[in-house]
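The same subunit A turns up in both complexes below, where it pairs with subunit B and then with subunit C.
Up next is the complex of A and B:
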């Protein structure tokens, strides 16, 4: 039943969207115009926003910041995480520190970052990067540690040199977990960058939201929120599909 | 003491000491950061004078409300979804992509809905924490081995006894993971919300001190927030270790 197995997730998705839309409309009926805009109107507002000239410079700004933050988080996170995974003692030393860093409210560090970098792009990038880098480190460290010892023994028996060992054994074996880390890292970099824009910035999506909040501009808040949620969900569903496929083959 | 623990303490001491030296020698200027020793002294002063006590109580109170409601609701929803697989399948994509959505973009909306008081902050903490609890509760129930359930059936245990004597103890470790994440997330959510827009709480005081260039107040408060969350984190970590040990000793 190929068609049925394809139809089922689609049907589930439709049900989910319908339920969310109904709940949203219900909330609107309850709270009224002051609090939020109804679903249909928000969709048309979002479409207007997509067609307007004032929106895209902000998108560009945020996109640039996320891309740079992500680049730092990925490169830094992978190199630190994989190293800590290979060198067991340093991994043991670092792990509780990393877990503690993951759980602190990083927003409290925001003033520090602003004082170091000043208001503008570098601060946003740094804030995105410190959110994204920690899960990437933790996941890639664990990926290296959890490689089945049999693989390493087999590689030794086959007398693999360090380079083939890395490319043929270590990387493929660690890839699924590393990818999960990248997925989480992407989401957190986006969140971090947006939060950064909410305080220390004159441009970007986060700034748009903060300004709309100040002037009680519900139309902008709702349409920007809708677009953001849609974007984040789409990217993360795509990453999740790849993630699950990697784990199945792994 | 374990070797890795000893090295870790030295590493942390080295980092803090290095920062102290950099600040004392004015490589890092006073307007950027005050020396760590002054942060600690400032914290002692603040706690002694009691200026911030109301804020500390407000923040911890909000975190507690958000946390307890997230744990209760998260556990119940998780259990409910476990017995209703049809609903679970529909809602699963939402759970999987939830943390990719920047929850903070809903804060303006929550302020309009609930008013500018403590409830939007609690709501953000709750929203951030509850899904971790749901996901881990489900995960825990999923991993109860079939053989244990069969054994329960052989002993003719009823539904209630099976739940309390077999399923819950078995799922406890995963539920505890959810709890740990819920603690971190509710803390992060409440502090961030206070930071974005509010009239009291530690997050608010930090952002207030930052806006007034009061580094002598801001840094001690940052140390306080980070110290509190690290402390809670360490306690939970130690608890979990103990629990694991007891499980394996049995």
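Up next is the complex of A and C:
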């Protein structure tokens, strides 16, 4: 059971990579050097990039921004989401607002964020965090609401106080669903941070991409994108493994 | 009959209890239960049968202190029940209430640990319960790895290790097949004899009520009231071999004769049920 749950997402990832590589090569044959670089050449470009000195300061910048954005999204999202889940009325009021916020393209808010935080680290962190926090709120709220009522009745029969009720029953019961929210929240925080770096920024992976686009530097665009995809996939697979383990007994 | 007559000390007393659920969204309030009166003698095994939706489970939850009565009073061990579950009451629910994130052993130990019972005593009682309920080989399994009957045994064990003096069971075998129900009934009778607890069993199975109980209360369609109280007269050491006894058929028949009309009422429209 354990080996299966470990192998399955890995196999999925391999199949996905193979399909994407084939499609990529096909697209290259069709569109040529002007539009993109072929897979094999991109891999060697990416390896060069990993060995170059100019790359790592940008990685560090983006890494710091994502880490801070994620910390805000996780802490804020969990406390807001779990509270809304416990307090039914607030949850019902907040839900349509959250869904509306979730569905608007947040790039429309970016000028406002830049005016508030100025160009630089705080703006990217804020932009990453507002992407990640909403799914974490929605998932944790629903996780709380969907706790089977019989668990709550059982806790009352066992005369649990508020603290043991929260830590011994509510949190473990909600955990699998909350974790799914964290997984989605991570992916969106990364997207938000990179988007934030693409506009009004002077450092970071997003900035690197934007500058390369400006000078039609296909080699940089393709190799940076490949590394980003690899990173996001690896983290996703790792989180998915944990996610499936948590859902196994649910 | 002597065992039945010996059990006369009142343990839990329900007097004039009703439950009216306030109407939501402009609908009329629903009168779900009562008024009902019921006296459970210490050490007695009483079942409540009734058509679906008659308020059986509501009665149990009121008796457990899980919801308040609209009117009437409840007394458990000479103290009024209000707002919270009294000490000494255990409840087994119809749904699978085993916590899926804990192993069987952790589930059974859960209430004891939270009540601050010391570690050695917890271990002793849990091991005893695992053996008693035939769960010893599954102590380290998770509920999702067990059958429905075994999961329900986990819930019964988790309740019994707390050594409740009043055990309330809300259709605990509802989701099980007939053979498993009979065997679980035997286990329940054995545990009842060993612990001397007072038992109230809510069930929709008339033969189950007739076989297990000292007394069977028959409830009307909603709002539930007691129509009849049937004394079975079984000895305390009864078990499922009573299925051969012609008296069991006679008791079930009497229960059904009282319930047939009520069940028809419950099946027809809501207007008629009121």
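Here is the rule we use: the second predicted complex is superposed on the first by the 234 of 250 C-alpha atoms of A that agree within 3 Å, B and C clash if a C-alpha of one lies under 4 Å from a C-alpha of the other, contacts with A are read in each partner's own complex, and residues count from 1 in each chain.
As a working rule, a contact is a pair of C-beta atoms (placed from the backbone, for glycine too) under 8 Å apart; a residue touches a chain by one contact, two chains touch by 3 or more.
In this text the structure is predicted, and so the values were computed from the model without any measurement.
J.: Which partner does A:240 contact after superposing on A: first (subunit B), second (subunit C), both, neither?
T.: The first partner, subunit B, only.
J.: Determine, under the contact definition given at the top, whether A:148 touches first (subunit B), second (subunit C), both, or neither.
T.: second
J.: As a test of reading the superposition: which chain, subunit B or subunit C, is in touch with more residues of subunit A?
T.: Tallying touched residues of subunit A, the top partner is B.
J.: Does subunit B (first) or subunit C (second) touch A:73, or do both, or does neither?
T.: Neither subunit B nor subunit C is touched by A:73.
J.: Quick one: classify A:221 as touching subunit B (first), subunit C (second), both or neither.
T.: A:221 contacts subunit B only, not subunit C.
J.: Thinking of the overlay built on chain A, is A:113 touched by subunit B (first), by subunit C (second), by both, or by neither?
T.: Neither partner.
J.: Between subunit B (first) and subunit C (second), which, if any, makes contact with A:174: first, second, both or neither?
T.: Touch status of A:174: no partner.
J.: Just to be sure I read the superposition right, which of the two partners does A:212 touch: subunit B = first, subunit C = second, or both, or neither?
T.: first
J.: I'd like to check the shared interface: which positions of subunit A are touched by both subunit B and subunit C across the two complexes?
T.: In subunit A, nothing is touched by subunit B and also by subunit C.
J.: Within their complex, state which residues of subunit C touch subunit A.
T.: 64, 66, 84-85, 87, 89-91, 93, 95-97, 99-102, 110-111, 114-115, 142-144, 159, 162
J.: Hey, which residues of subunit A end up touching subunit C in the complex?
T.: 148, 150-151, 153-154, 156-160, 164, 168-169, 172-173, 175, 248-250
J.: So in the complex, the part of subunit A that touches subunit B is made up of which residues?
T.: Checking each residue of subunit A against subunit B gives 12-13, 15-16, 19, 27, 31, 34-36, 89, 92-94, 96-97, 99-100, 102-112, 114-116, 184, 186-187, 190-191, 194-195, 198-199, 209, 212-213, 216, 218, 221-222, 224-225, 228-229, 232-233, 235-237, 240.
J.: For subunit B, which residues are in contact with subunit A within the complex?
T.: 3-4, 7-8, 11-12, 31-33, 89-94, 96-97, 99-102, 104-109, 111-113, 183-184, 187-188, 191-192, 195-197, 203, 206-207, 209-210, 215, 218, 221-222, 225-226, 229-230, 233-234, 237
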